[in-house]
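These are the structures in question, set out in turn.
Look for subunit A in each of the two complexes below; its partner is subunit B in the first and subunit C in the second.
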Partner chain A sequence: MNLSALSLENAPRFWTPLRFFISVPVFGMLAALILFMDGNQLLQSRWHPATLALTHIFTLGYIAMGMLGALLQMLPVVMGASLPRVERSAFLMHLLLAAGALSLVAGFLTDLRLLFAAALLLLVPVLMVFAVAVVLAIWRAGTAGATARAVQIAAVALLVTLGLGAWLVSGYAFEGLQVQRSLTDYHAAWGIIGWILMLIIGVSAQVIPMFLTTPTYPHGFNLWLVYLLMLMLSAGSLLSFAGFARTVTVLVAVLMISYAVVSLYLLARRRRKRFDVTDRFWRLGMLCLIGAGGALLYDVLGGTQMDLDPTVLYGLLLLAGFAVSLINGMLYKIVPFLVWLNLRMPVLKGQVPAGTRLYAPNIHEVISARPMQLQFWLHTGSLLLLLAALFARGLWVYAAAALLLLSNLLLLINLLRAARVYSRCCKARNHP
Partner chain B sequence: MPTISEFFSAQHRSCDALLGKMEAAVDRDDWQQAEILFDQVRAETLQHFENEEQGLFPLFEQATGMHQGPTQVMRSEHAELRELLQSLGAAMQAHDQNAALGTAETFFLFLQQHNVKEEQVLYPMADQALQDSLSALSEKVPGFAAGS
Partner chain C sequence: MKTRHLDVQELEAPEPLERILAELETLPDDTLLTVTHWREPLLLYPLLDARGWQYQTVYDEQTRNYRITIRRTDI
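Now for the complex of A and B:
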């Protein structure tokens, strides 16, 4: 492996991942606006155009945006896998991903072919290059760790998701092209269970014990989960005989619930007992994952029909509940640390004489605890109201949208504050 | 005798646990206890750095011929961690709760990313490269032969 890559000097500069992180709550606010626009209609069926728009605001604008930003930071430092020309490529990736997500969402809302074509043109290259670069960079670095392997497998799932998604979008973009809409199920499964869940399972093996001082996951647990999920996804996509899909669904639900239960067990055994908002976000996310697994089991094992589209419930729990909570929580760990780290970089790189005093605020001074906690409760409230809107209809959805908007606005303010602390310190150094 | 990974990783965990207890003491304003725990954190951390810089790293460099590689990166991160320990000590002496908790968190997070790199990359490599030098290592590192 390339050992010199381990050095923090290979971490990208401050603004590189930050562009991604600051975009995350902006897309969160857009999600709230779509909820305001289409209200109840959108929660009735996953085929409603506004529902498709909302789903992709979350998956591309929020989740992929956060994950790409974090991986660009993490791959070089933790896995020794440096990405070629990371600064410039990250700038371009961010631009393409943001513009692509917006085009796709606008396409769903307006049904204009041109917008779908633009989305294809923007999203396919960026996500393909990213996924391939991740697979190759880890492979070249020769990192043997379980996390690296899991990230690699998740990146393959991203490629499958992208391939299916691109084909489905082509059906909207090009007249006369017949696309089997049933492929949507596979696209969603590979995206949510493949890319998102497998990536989180893999990365959490490292970040939960590290950032939240829990005991480690049982040896090999996370990687085996990823292998099994990958097996289920592949088997479920390629084979079809009576009752097989049911079996696969039950197994996937059991794997989801096992992962969440083990994670909650570990989080309950943190060695540092101080209140930590990231810990709360992870616990909330894991509860949503258990909820999603439970709903899947209820549905497949023949629970009474509910008066709602169950896939909308899964989507809500897995995307807005599970993935969004974890990413939100991680932003509060990563961003303050990056502010501090980048302010200390001249010392770490040996660019200033040893012993030079170089002020950097401590991590608690970058974003204060109270607004982060308030934002956690706004986020939790928006999730509960979304669930209420799904089951009870009526005006709940507007209350949910209002809280979602406030929650993401506060997240944006918190992150911008952190960025301001960084720029002010930099300015103060240049003009003492 | 333990493996290098086992012995040095166990020291990381022990230090994490002490730091957690120290934070809890600071949190409840029990400065007497907090200062005792801080002294232990500092002593354990500095001893661990010593074990690596005087014992493990030179043997690793000798065995692999890598003098400017990962060990150099780890040394510079140790320097940063020593500096953070100093700031933490100052905050503890001043009984400044906010500064103590904020600096402890900063120290902790930087320590964690440092530990991950050692545990995932450096120690496994050292386990490979130093198979025949474990007795030499145990002369430099107190407690290594006994595995504690």
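Now for the complex of A and C:
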């Protein structure tokens, strides 16, 4: 590995990734507002404009926002790769991603061509540059680790997702352009199974043992899962003969369930048994992944048709259930870690005389346990109510929206508290 | 040469880094520190470089652990 690329100077400063993380719950609250506005209608079909808006609030505003912020921090520290001019790039990336996500969501809600065109202009460059930069940064660093390879493959999947998404949005943005709406299935598959799931599978090989003191995943397990999922996605996209799509779906569902079961097995064997809210978020996320895999199998293998659009159920379990829970849980590890890292930086870099005492809080003290636990229960409650709303209709959806709003408000407060701890410590040290 | 050993496999981030740096503060010149870790401590290397420590990392395929040897003078 080229260690000269690895330096604390390359790690972005505290506020750089934090901008992304603080934006995550803000988009979570926007998701709740859309649920309030469109209520039950939105859960009836994935083609409903508000459903598309809600989906992209989660995928772009919440999930991609969290993942980009985390990758900016992880690339130098965990993979020995760093992006060029990280401070300025991150500032622009955050701005374009937030504005692009809002334009797209507003486009779905209002059906204004101009908003779709704006979303294209804002999102395509930022996500394309990011994905290419990640692939190149890891390649340049010469990192051969499984996590780095998985992240590279996930970044390629992001490019495919983006290409398909941009084409689909062009159909809304430009009059007269005929776009095959069936491409939406491929866009969703590459986005959820490719970018989101493969990235989480790759990164979890590092972060679960690192932050939750579990045993490591079986040797090669995560990378092989990523290879197989990439193979399934590619084959499923390029080949089409009788029964093939069905076979691919079954295999993908089995891989999803395998990953979730192994992860739950590891989480049950944490070396430190004390209560950890991130552990709960990950367990909940993995249960949702099993649920999604089970629902896929049930549907493909000819289960009784239910009075609901199954894709809405998959989307709910995979996005709001699996990905959102994991990201929410990780924010409670990453943000306190950043507070600690940035406050300890002068000591770590040897910039202060040996023996100098500089206060940096223990990472478990940065955010209090009780508000994090309460937020976990609000999140769990909102998920259960969303599922209830999907099956039973009625007023459940408004209760789900209320809990989703409260959950994200509390997440925002908790993250801002961590930022305040950092600011206060800096002020106490008379830092700029 | 004397050897001190530190096993940080079961510690939650960032404790491994803190423990290693704390151990190095009290490490006598004639002693080397060996550390066992389940992952390569990438964040540690630039810190060791900045302090002028020598280090060598070996990956053990069998135990799937990294063994980092750190000392004050050339190995």
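The working rule: the second predicted complex is superposed on the first by the 424 of 432 C-alpha atoms of A that agree within 3 Å, B and C clash if a C-alpha of one lies under 4 Å from a C-alpha of the other, contacts with A are read in each partner's own complex, and residues count from 1 in each chain.
The criterion applied here is as follows: contacts are C-beta pairs under 8 Å (C-beta built on N, C-alpha and C of every residue); 3 or more make two chains touch, one makes a residue touch a chain.
Everything quoted here is computed from the prediction, not taken from an experiment.
*Asks:* Should subunit B and subunit C be called a clash or a fit once both complexes are overlaid on subunit A?
*Replies:* clash
*Asks:* Based on the superposed arrangement, let me know which partner A:M210 touches: subunit B (first), subunit C (second), both, or neither?
*Replies:* both
*Asks:* Name the contact category of A:R274: first (subunit B only), second (subunit C only), both, or neither.
*Replies:* first
*Asks:* Check the residue A:E365 against both partner chains and state whether it touches subunit B (first), subunit C (second), both, or neither.
*Replies:* A:E365 sits against subunit B, while subunit C stays out of touch.
*Asks:* Which partner does A:Y314 reach: the first (subunit B), the second (subunit C), both, or neither?
*Replies:* neither
*Asks:* Could you look at A:F14 and tell me whether it touches subunit B, subunit C, both or neither (first, second, both, neither)?
*Replies:* neither
*Asks:* For A:H219, using the defined touch cut-off, is the partner it touches subunit B, subunit C, both, or neither? Pick first, second, both or neither.
*Replies:* second
*Asks:* Name the contact category of A:F58: first (subunit B only), second (subunit C only), both, or neither.
*Replies:* Neither partner.
*Asks:* Give one of first, second, both or neither to describe whether A:L348 is in contact with subunit B, with subunit C, with both, or with none.
*Replies:* both
*Asks:* Running through the overlay: 7-15, 25-33 or 97-105 are the candidate stretches of subunit B; which one clashes with subunit C?
*Replies:* Of the candidate stretches of subunit B, subunit C runs into 7-15.
*Asks:* Overlap of the subunit B and subunit C footprints on subunit A, residue-wise?
*Replies:* In subunit A, residues 3, 6-8, 77-78, 80, 145, 206, 210-211, 213, 271-272, 337, 340-341, 344, 348, 350, 354, 363 are touched by subunit B and also by subunit C.
*Asks:* Across the complex, what residues on subunit C touch subunit A?
*Replies:* Interface residues on the subunit C side: 10-14, 17, 21, 25, 38-40, 42-43, 45-47, 50-51, 64.
*Asks:* Using the touch definition from the top, list the residues of subunit B that touch subunit A in their complex.
*Replies:* Touch residues, subunit B against subunit A: 16-17, 19-20, 23-24, 27, 66, 69-70, 73, 76-77, 79-80, 83, 87, 98-99, 101-103, 105-106, 108-110, 112-113, 115-117, 120-121.
*Asks:* Which subunit A residues qualify as touching subunit C in the complex?
*Replies:* The contact residues of subunit A facing subunit C are 3, 6-8, 77-80, 145, 206, 209-213, 216, 219, 271-272, 337, 340-341, 344, 348-350, 354-355, 363.
*Asks:* With touch defined as at the start, can you tell me which subunit A residues reach subunit B in the complex?
*Replies:* Per the stated touch rule, the residues are 1, 3-4, 6-8, 77-78, 80, 143, 145, 206, 210-211, 213, 270-274, 333, 337, 340-341, 344, 347-348, 350, 354, 362-365.
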